[in-house]
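Heads up, the next two complexes both have subunit A, just with different partners, subunit B and then subunit C.
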Partner chain A sequence: MFVRKYLIPRLLQYFLVIFLGITIVFFIPRLAPTNPVERTIAEIRSRGTYLDPAHIQAMVDALTEMYGLSGSWLQQYKDFWVRLFHGDFGVSFFQFPTPVIRLIKNALPWTVGLLLTTTILSWVFGNVVGGMAGYAHNKRWSKVLDALMMFVRPIPYYVFALSLLILFGYVFRKFPIGGGATIGRQPSWTLSYILDVLRHAFLPALSMVVLGAASWFQTTKLIVQNVKSEDFVQYAQLGGIKEGKIMFRYVIRNAMLPQITNLALSLGQILSGALITEIVFSYPGLGHLLFSAISTGDYNLIMGIISLSIVAITTLVLIVDLIYPLFDPRIRYK
Partner chain B sequence: MSRTRNVLLLLCLTILVMSSAVFAADPSGFPRDQTLIVSMLTGRVGTPSNFNEWVGWRNRDRGMQNLANEPLWSVDFATGQIINGLASGDPVYNEDFTQLTIPLREGVAWSDGMPFTADDVVFTIETIIAEPGLANHPTFATAVKDVYKTGDYEVVIELLESDSRFHTHFLDRWGCTWIMPKHIFENVEDVVSFEFNPFVGCGPYKLHSFDPAGYWTAWEKRDDWDKTPTGMLFGEPVPKYVLIQTYSDGSAKIIAQLTHQLDVADHDAEGFAAAMAQGGTIRAYQLTYPWVVNNDPCLTGITFNTMVAPFDNKEVRWALVLAIDIVEYLAQAVDGQATLSPVHVPHLGAYPEYYIEPMQEWLKNFALDLGDGEKFYPYDPDAALKVAEYARQRGHQVSDDPEELKATFGLGWYKYAPDVAAKLLEKNGFTRDANGKWLLPDGTPWRIRITDINDTGHHQFKNGNAAVQQWKKFGIDAEYIATDAYSTLQQVGDFEVGAVWPALEPWGAGADLYRSLNAFYSEYMAPIGDNNRGHASRWSSAEMDDIIKRMRATDPTDIEATVAVSTEALQLLIEEMPSVPTYGYSGFMTWDEYYWTNWPGAENPYMGPYGHWGTLKYMLPSLQPTGNK
Partner chain C sequence: MVMPIGSTLKELFRDYRFVCAFIVLLFLVALALLSFFSPYDPTIWYYAPRDLPPSSKHILGTCSRGQDVFWQATFAIRNSLIISAVAGVFSRIIAVAVGLVAGYRGGRTDRFLMFISDGFLVIPLFLIIVMLAMLIRDKMTIFTTGLLLAVFGWAWDARVIRSQVLSLREREFTKTAVLSGTGTMELVFKEYMPYITPLAFSTLINNMSWAIGMEMTLSIVGLTNMDIPTLGTTLKWALNYQAILMRRWYWLSTPVVLSVFLFIALYWLSVSISEYLDPRTRVQRVGGE
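The block that comes next holds the complex of A and B.
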């Protein structure tokens, strides 16, 4: 029953969303007024290289051929799916002839490492502390924490990140002002290198965790305050159930349900990168790669990153849908 | 509850204490007093392990062109000289420019110890011709008939058609066609996908290491630096290591320089002001106002799309020039920190001597016909003095010495004459409404859209917005449209006015302006909708074509003949004004003198000042360590 009535239609929907999403991402950049071949030539010229105007058309023809843009859109679309089924997103136009998958592989560990950690940390911190503060919303510590979050939350991310950079990179000079690791160090699985990477990730992570947690804190706190006023909580209190058990098992557990869906969406968005973080802290990652791809009309690279992002988001939403009964026993797929 | 709270507090404290102990700074391995750190202009390297600069874009300012590579010739815009690198002298053309002979420098070695010879040059050209995937393939395949050596240090290139400037493909202005080490590339199966890692060049530095994420590249001085053209011409480079580093955010770059983690930095105008405001060991190119690098071989300004009405009318174009108060314009664009140029070459190096000063009399006598026999002489030889006066009013100390003023602010520009501009427009059927706003000849409101770059720090943005202010003041509904797609839009002619350079950048050395002027040849101009190969103004004329043809038949080393024909072209551009030259590119760069000094500032411009140009390697033998550790 579950398979026929729910799982199969849900899986069909899952594949349809991916197919449509990728199709849209294929065509949208081609509708933009940025031509990757012309953009490459303009970039080369703007960097000071002299290209004899008499030879530019020949160069355009050669690049169009090499980039695989010589056929009709339909032909390119067909070729794209054939390549994709072989796990190949093609070559980057702007970093020709480097395969897109290699560029993504280089940037992915940094993005996943930073964003996975910060998303989970801020989610856990924001939800646990927010839940506790919501439950004890009349206590002084809760009010102080709420005021603090109220102050932190509206700070624009760029301003907050830059403030951290100035404070810890310039005033106290305790943390590096950029990069993923110390200059001159090559990646290795040594404790010293790992600590070096953590040291470089500290400020970017702090900036994301603090603002992210403040956001989770506020939403969870409000949800918890709502749930706390519901009848079943009051029955539990009247029934003499321990306060800690009511808070975590009754109130926070119920309040967490929408936050779990939000967490899945946040995790899925990791693959879009964190552009502002990467810019402020000169931190490696997918955000910068995607930004450059869009501004240079690097269709294949845009396709590669966005396709992964689409797959990640839809997959996580699917997983959450499927395991939701574990969090909320009231839900049954029939 | 209180127990939970205490546990949380304790946890936070523990994390903080541990983080400070565990995260103690790790030394980089580059002794700071032996290391020069230079910011990279073109940003993060997309493919850090790929050094094959014959294929596509490879961020060559990460150290290839400025430290580890050596071209046949280099431009030094600070001195206006062309430096012989791997070539030992000028190219020698035959009479009809279908053959050139290049003499090569003897005793040069690649960074892996192999000798550099004519075989490398011949191999490079043959490989580029044979491989369609290499960037310069179309140029060489369509131009070169044959290439061969006549000895170990002499190469002859035969051309399919006459080309008096073919050698400029090997002239490094900010990149050029580099010579391949034959002993490496001849063993490569696929030249296009070959990464050329580790990089091997004839420059004085060799690759040390690089960031797999693309933020830095480290170079180390070669032990055999004396076997490089840099060593032979300028001596031993002083820094043992050079780090080329990029910061994605301008603020981080300023912090890096203030904390002595960055010696050479390029900023935008605002970042420059912020860095300079901190004082200390930071200095600019000029020691006094206007501080900026004002000898960059680029000219900024405004470009009309001359295939779109009403900008297809030169009197309309001139009216818009006369509606500009250049002192205000310069103040709005760069707070007066730039050098004016009334013609389509920047006021730097040898250009004032060859062109701008000799053209003064012609400029003073140049008149616009206002109709009914009335004439107007638009040139204002004192425009630069007015900019200097503006700077004084702003409280800056400006010299009274006319020669210094010329070098700082240029010579003249065009008069601010809104009444004359109005006459020119009225002569062409334009009218004004009751509010004084200009109407097109068909009676509809005149709106000018300047479409250009989406980067507030860029001079195109600054020029475009200054023009908007001026034309609004004149009564035209002008607006600036910032878009990342501006280059494509300009290429297909989907714009009215842009702020792209009014003429292509000249070489910056010598008298030859072919690089700038050839772009106005009519064959390169495409109709609206098609991709344009010539100058963005899409302007050309039979007269200009004739001048360009004569230029092609002129030996660029014949200075007198080159100046004469180029001057004709510059005069024609002023008469037609398809684009408006305003001021030379102002470079907002700073040096930190904490570790290194004797930079090539305006008081001692022994070499181009930038860290991203090829001339950086020639500057390094002159740097002096301060002794700070």
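The block that comes next holds the complex of A and C.
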């Protein structure tokens, strides 16, 4: 029953979303008023290089081939999918002729590390503290925290990260303000290298954890306030169960469940936030790569990053959705 | 839920957050309006000496491009507000249309539209916006930036509106109206709109805030028209001229501080309004404290 009623429709949705996303990515450059080939040529010309018409034609042909824009749309579309399955996104323009996939592979561990750690930390932290604050919503500390969050929550990733960068990088010079590790150090599994990486990751991670936790804090606090006024809590109190046990075992646990679904829904935004934060701190992950790709007009690289992100995020969402029943004993998909 | 405007405002002004946000916003809008009286043209460079610290002639100093930071900031706020208003209003139109159709028609239409909006929620939209912005980079104006953001900013709010319509459709008065021969259009516009308008308005504020932040991000990665002063491009120019390293705080912090005030004010406004609209939290607020 689980397979037919839940798994198959969910998998179907998963493939449909990927299909839709990748199709949008395929059509955007083709429907836009200027195509990548024209843009690249215009950019080369704007740098003042003289090109004679024969050369331009040769370049147009080469670029058309390179961007996978030759042949009919149907043919291109088919090729696009075939290449996607092979992980072949063509060669990069700004680091010619490195394949896009290799650039992405080098950047990926940094982004995955930053994203996973900060997402988990902020989710757990925001929910537990938010839950406690919601349970004790008449206490002074809860109100102070709540007021603080009212200032942090609306700040977008970029502005918050930049403020941290200025504050810690230039006013209190405690942490490195850019890069993933000290330049020139060989990656290794030694303690000093790991500490170096952690020191570099501190500010980007801090900015993501604070912003993420603020948003989880607020939603959990609201949910807990509502759950707290339900009958079963009063019943438990009358039954003489310890407050701490009621709070964690019954109230917060109940409130965290919808937050798992919300986590799945906001993963795309969190990824966007991570990419933006990386740009601020020139952290060597996908965001930084994206920034270089934008500044140099490297379409293959951008297409690669986008396609990969779509597949990765939808897969993560699927995983979160599928493990949800492990946390909620009421749902067993019988 | 549907109440006369006078008493609604009275109740809202009892909330200190609403009052603070309202005052800050008034101040920012006044700054934006001041730009119409600016003695300088924001697109011209070097009309003033470069890198002057704040003085009585240039109250926030001048930047490395030889422009007055204060007057440049008034234009920046004005343009950022216009972009967010364009984005907000157009995405509200899409959100209301999708929410109404999906909620009212139900069935296959509903599933299709919600599938699209789910897709929009899951896919990292920032990347898609970046890609589109790259291709129309030369044609980016305030208006097109707003429209671009509008195309991507409706998905969540369409869901909110849809669930409202779903519950309205089940109510008694819908059946009465349908049985007494009210047309769909009339029913939707006359009976449902009073319920949907407040929702559209409270989501509008959040959406405007999102649009301003997104515009800043797009400017930082260099995808908007750098000649139009907005909060994003002002910040980008300051960063381009190494304002952090050169310690030109008056230049760098002007867009940052202004945008922080703007974000917080918009957020407080929306929290206050949505708490007012949601009776559950309202009861808690009145009864609990």
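Basically, the second predicted complex is superposed on the first by the 278 of 334 C-alpha atoms of A that agree within 3 Å, B and C clash if a C-alpha of one lies under 4 Å from a C-alpha of the other, contacts with A are read in each partner's own complex, and residues count from 1 in each chain.
The working rule: a residue touches a chain if its C-beta (ideal position, glycine included) is under 8 Å from a C-beta of that chain, and two chains touch if they have at least 3 such contacts.
In this text the structure is predicted, and so the values were computed from the model without any measurement.
Of the two partner chains placed by the overlay, only subunit C lies in contact with A:156; subunit B stays clear of it. When the two structures are aligned on the shared chain, A:179 is found in touch with subunit B, with no touch to subunit C.
Applying the stated contact rule after C-alpha superposition, one finds that A:83 touches neither subunit B nor subunit C.
Contact with subunit C, but none with subunit B, is seen for A:13 once the two complexes are overlaid on the shared chain.
In the superposition on chain A, A:253 makes contact with neither subunit B nor subunit C.
When the shared chain is aligned, subunit B comes close enough to touch A:58, but subunit C does not. Shared-chain residue A:95: touches subunit B; no touch with subunit C. Touch criterion met: A:139 reaches subunit B, while subunit C stays clear of it. Touched residues of subunit A were counted for both subunit B and subunit C, and B has more of them. By the document's definition of touching, of the two partners only subunit C reaches A:271; subunit B does not. Residues 32-35, 39, 162, 165-166, 169-170, 279, 294-295, 297 of subunit A contact both subunit B in one complex and subunit C in the other. Residues of subunit A that touch subunit C in their complex: 13, 16-17, 20-21, 24-25, 28-29, 32-36, 39, 137-138, 150-151, 153-159, 162-163, 165-166, 169-170, 222, 225-226, 265, 267-269, 271-272, 275-276, 279, 290-291, 294-295, 297, 299, 302-303, 305-306, 309-310, 313-314, 317.
Partner subunit A is touched in their complex by these residues of subunit C: 17, 115-116, 118-119, 121-128, 130-132, 134-139, 209, 213-214, 216-217, 220-223, 235, 244, 247, 252, 256, 259-260, 263-264, 266-268, 271, 280-281, 284, 288-289.
Within the complex, the subunit B residues that touch subunit A are 1, 4-5, 8, 19-20, 22-23, 25-30, 42, 44, 46-48, 50, 55-57, 132-133, 135, 137-139, 141-143, 168-169, 173-176, 192-193, 208-209, 211-216, 218, 243, 245-249, 251-252, 255-256, 258-259, 261, 484-485, 487-489, 491, 494, 505, 515, 518-519, 521, 523-524, 531, 533-534. Interface residues of subunit A, counted against subunit B in their complex, comprise 32-35, 38-40, 42-44, 46-62, 66, 92, 94-98, 103, 106-107, 110, 129, 132, 136, 139, 141, 162, 165-166, 169-170, 173-187, 192, 195-196, 198-199, 202, 243-244, 278-282, 284, 288-289, 292, 294-295, 297.
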